[in-house]
């Protein structure tokens, strides 16, 4: 399990999420309170949008609490849209390529959760990627592969639906290959304009997700656990997606059960009825 | 606060302390139970003696639990005498030069504890070193400086007495410079033949130290906290030194109050009585 | 291109190849003389055999010349059989998982050379691996994948033939997928008993390979370039394999053209002629 | 010897010095042409000014050519004033604390060159620092200590003069302690407003320094060697200081022989003449 925080709104310094709050992300790197593991010391990463369509990114393998570079960058960089993450490794060794956020073109993605039996699913998941997405794989985590799978399934055009498809596909092949399936998934992803958050689990234990206004003028912050006690953090219910853009915050249901095969089947049904 | 384990006896694989026990040193790097901090993730190190009089050393800055090199080395290397340490930084940044054990010629040293107000004492401590010991300083920790001070004061000839002098000196200058003094010190050090352990604090809270037979034929293990529940670990009382050599385990009092100035004063007293 | 050195014979300190010679491996990490690139600063690694059937391994990403751990380990560890490597990256980022030697069970492998158009061949190469070998892939280099392919093709039973098959297979799919093929390959690999060296290239430019007696009593050293001027280094011709075991040095031709399909076809031909 | 580049002018992306030019700083990290060493692979660093008076800083120990973070940051960050450096270690191990630029409050500093016999001068140099500057020392390089010495001698109020004093002092104590003196020093430093460059050596071999307009509107770039062949790079003569501010480029002589003692002596002379 990992901890993360994301922001969209008027430009603010990254430190307002990463280092300054009482229960900042760096604080959570050694004492998270609502995670399965209190210590999230297997690296960290930030992705932020500036003048270019692609985000800048900085990732490293030291615990976030002891990295001077992270502190200096968080203090210096202002951004209207950024993701920040501290990692507790489940799948994949401690190395930069395995640290979130993952970036592909203008898109970035970070995740808290895990795919059960990933070792037995990995190969089939990779086989769904076309050459371009396959070659874009740099690390060995389940998270990066979920992101690539969602990109493959159309994340760029219909973000929430493609992400639901990716998770639904993983659950499906897990049932085929292992007789069971469990995905726990709380993630943030963005194209540099709109920030999406999702909270979902196959079972009853979806990792937590909270939202709160921040930075004024309709700005919002999404976090895996609250950054302080003062703010009014709203818990996002499991099975939800959150969409943050210039119009403020919007919410929607998130249901991986909506599968392309099923849809096709339904579409065909009338034809079959003939 | 840090965690450590030391061994002297028949050659055993380093993994018998570092990775194999239920509560191994790597286990303690993320869930120490008798330390002020449960997480000891600011690097680690090992020093072991083989065919040469000088020890080999391997130190790195990742948490011990995620370092593949450490696991492989601990599994491959056998030694009759070695020190192993996982660090929770108090003074000094996370970098290799600040990881224990510290090595000087045939001597190696590691430490759990701290010197209060070290920032105000450091310069006076360094000023006691001759050029050779001054130039041997590679990092910025209080621990390394204590080791160099003890070397300066004669560690090579009278190990326990010189270490007591070094600590007594630090307490003394601390009282002069800050009006108070507190050193907490549980350490292991060796010349490659005899293994010394010390447990001491200026106040009532000396960091814990335990000993138990290990490896057969008079071998012993010293640890900052027990490696398992089965073994009969003996707690070494505060204010003690332990000496492990071919004759087995010996114990002695450890009292930094024995100061060279005082001794000189006492020697002079009769003269003054004239 | 990379630089490497391997040894089999009476136990010697690793430093006799890694740090001591005038043109030691560490020296070659910044001034190799017979390589395409003089600088080999993208990490390094050693694998050595001791009391266990599996080798110990130590790899890291700093330039070999500045790593204190490497110097200390090379000075302390004695071994009758070891591989040592300094890397200049062609495929795969600078991270430990991409540093040679690669280890699988009791086998270890290191390589200097490259596969042209690897990005277009990688997927088909991976598809030949069974689940066990596929899951054993930790990095992203062409070298590690060649090793896994050779293991898949029977390296454990017939080392030279399986390696030839692996290279022949890569050349074959390269011709299919890119219309051309070029593999340059100078490698050392061992099961902990016998040390194998191979020098081969699809074209006329096989990376260099030299051998010389070392360490007395039939010991030998294999290197990508000589470690000094005094020793009588024998250049191993392209298209050769070298086998070093208790009986000394043996040599054989190395021809990837020997393919299983072809052999089967040839064997069947007479039968078909009936 | 190291390589560096500094910029002051309209905000530009850091990549315009660090990665984009034909002979960019990253290119120079493996093939510098006018340095004593072609390889500058012992770490790198950048310091840049944004909205705050203090600079942001990013330093790491990998060769600049293989660090993905550096590439991403250089591509994303725009600044009107920044320093960038690639290191070839002379004094001090490869670690972040020893990488340039060094930062103290709003000031930053980077250096190419070295102090001969630094090991014998270091202690006397450190003894000149007051407690605040002494405690600010994080690494072990001659460069950082020169910077702290200049700060101690008044860099904040009279930058060029204090730097000359610092170098003059080092030459002086070197003559006292070793009977000879040689400082080679090409450096850039700034308070976030004005950019200073200095080229100096005790002997005839001052490391090179070049300047050229860049970024339009009176912007300038200072470099240890030209970044490309097209631009008209002006070589700054040895014994010079360059001052870049809103008024453009100004130059002055740089003479460490101007010593406070001497000045005092001169000031006293008339008095003594009475």
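Observations on the structure shown:
Just so it is clear, A, B, C and D label the chains in written order, and each chain counts residues from 1 on its own.
Basically, contacts are C-beta pairs under 8 Å (C-beta built on N, C-alpha and C of every residue); 3 or more make two chains touch, one makes a residue touch a chain.
It should be emphasised that the depicted structure is a prediction, and the values quoted were computed from it without experimental measurement.
Between the chain pairs A-C and B-C, more C-beta pairs are in contact across B-C. Copies subunit A and subunit B of the same sequence differ in orientation by 180 degrees, per CA superposition (steps of 5).
Mean C-alpha positions place subunit C and subunit D at a centre distance of 44 Å.
Chain centres here are Cα averages; for subunit B and subunit C they lie 42 Å apart. Counting partners per residue, subunit B has 68, 93, 96 as the residues that reach two or more other chains.
Subunit A makes touch with subunit C in their complex at residues 93, 95-97, 119, 122-123, 131, 134-135, 138, 140. Those residues of subunit C that touch subunit D in the shared complex are 30, 39, 41-42, 61-63, 66, 68, 89, 93-94.
Across the complex, subunit D is touched by residues 48, 50-52, 54-60, 68-69, 72-73, 75-78, 96 of subunit A.
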